[in-house]
């Protein structure tokens, strides 16, 4: 199985599929092509949330503001999965999640002189992903095409500051429903369901489900990713709370 | 075959796919993930229009404003198809269509304590759909996991009032082109093609095709669903007619 | 393999898939359903860019402002590929590309009296594509259903006027990133990288990659299609240059 993730919208992902189908009969699955444009951090967050639900696969990821520059192309072995994409950090958070306690191996992909300098998704990453898939995932080896490296760009997410009375965190992403997903672990709400907390100086009910408050009312809950989430029942939390990716969130108990 | 329908946008549907691929090699097909958010009636309408074109399949449907509350999760056997989704009526109109003159069987799905209370698409409906598919559709049986029920929430669409001179109907949905789809059966236009009718007090040409009127001109026609549709050739009928889902439509002959 | 391309958005493409799956187990791949509505030229451009990356396939294309009129339905054999769609020119540019130096064969599809006059994607083109696929692509023959024709509507793209000092071209399309893709061949930039050119009376740096200029800065480059492209690093070229499809572009060296 080969998955595709990018910020391409349409129709460029179809060219990647065509290239892959020229090389392999593998099943090809779109994760999304709607990542915010050139937003490496948001893509890295969602990949870490979504890819661990997949069986072993080659995951081709293209969110690549540096396309055509001298940034490296990487193939990353992480547990039973392989990730292929640009060396800008987008692959590393999910690689750590997929690897668990196994070691991550990172390879530079030697890609010569591709047909374009502006569409490495089609000309470098898709054919590399297909080639790795054909070598049966866990057996592609260092050699002419792949060179071991330890100089890749990393990306980590900020840690929240969890005090007894006060928690300071950050908005990681806003999802397509408008739910505001923070980096604060859901456990901090464990004893508070049915009560209120102060979120950014506003009293907000703590609820297990969106529907626990009336339609249009705001709430703080634990999202499906396990983090604290600010939401509005049948509405958009980002607008009601006035929050976007990178904004600070303070919670007082 | 397993189909997926939801109001999730991106990237949550990919997690549902991953979960399914962990359980089965079945073909997985997206119907759409663009249903208007939490709009059970619109989803029910489109599912009834689209799913009957599919061969026998398990259809996983997640438009679920009550996620995490005590609303039941259902598996519905309808003819050669099985529908899986929340107990809010979204499954019933299409189930009647798929069943034809066969009886519909409705089961409560016992889903224990899922990983999240906010993403039953991933944690309840996708794995249930995959499990039913693996049991070969028509052979999943009442037992520990599935309990027969007759208390499910139903949903029906309003019937138009078709008189000899005057017809009163309602807008069911507006499609992605802006075509206004009513609940009035197309037969009422049978003898009127090439003439004009009064639609909401406006004279509108009755045409078989969009291109029968000039670009930008409005028309009333029979859509691909068999109902009366208000449209604009190469434009948006919803804007020209000023109509949206639930609005009244009166037609005078 | 069967590919699907249209301007349908959602959910109509799913009905096409259902119809196809009733007839064949072929792999079905979406190219895009986001072509601008009824925009035959833009669809023709993108199909010519994207489909040549696919292995031999049946490509079903539905951008069809004349649906239900007496416009013909075509099946076009082009090299190892077959294209199926309306007779409005949308199939011809890509057919020439796929055929290379082989002859293109064009057949009228006899489609009788389909279920709808407004959704030939579902009722004519999808079942025709599936039927051709089942006949193993290169062996469908003239006969009852297919009639050879030489009267199809053609579509060609304008040629740029490339002088020694001055080039006059046209915007072909704006892609989903906002990059402005012209009909001017990329070779005209060959000796200019690192310099500036005058584009529509404005001095613009010529760069191999988007990232060669600062974020937010404009540039002229060679896109992945091989044509001159006007872009903004991490921004939208269409807004900065004030250009859309069909607009004139003059370049002075």
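Think of it as A, B and C in the order they're written, each chain with its own count starting at 1.
Note that in this section a residue touches a chain if its C-beta (ideal position, glycine included) is under 8 Å from a C-beta of that chain, and two chains touch if they have at least 3 such contacts.
All values derive from a computational prediction rather than experimental measurement.
Two copies of one chain, chain A and chain B, form a contact in which under half of the residue numbers belong to both partners. Per the C-alpha superposition, chain A sits rotated 120 degrees relative to chain C, a value rounded to a multiple of 5. If you average the Cα atoms of chain A and of chain B, the two centres end up 31 Å apart. Among all residues of chain B, none touch two or more other chains.
Chain B makes touch with chain C in their complex at residues 1, 3, 29-32, 34, 46, 49-55, 175-177, 208-212, 221-224, 226, 229, 233-234. Every residue of chain C that touches chain B in the complex is listed here, in rising order: 8-12, 14-15, 17-19, 21-22, 37-38, 65-69, 115-119, 122-123.
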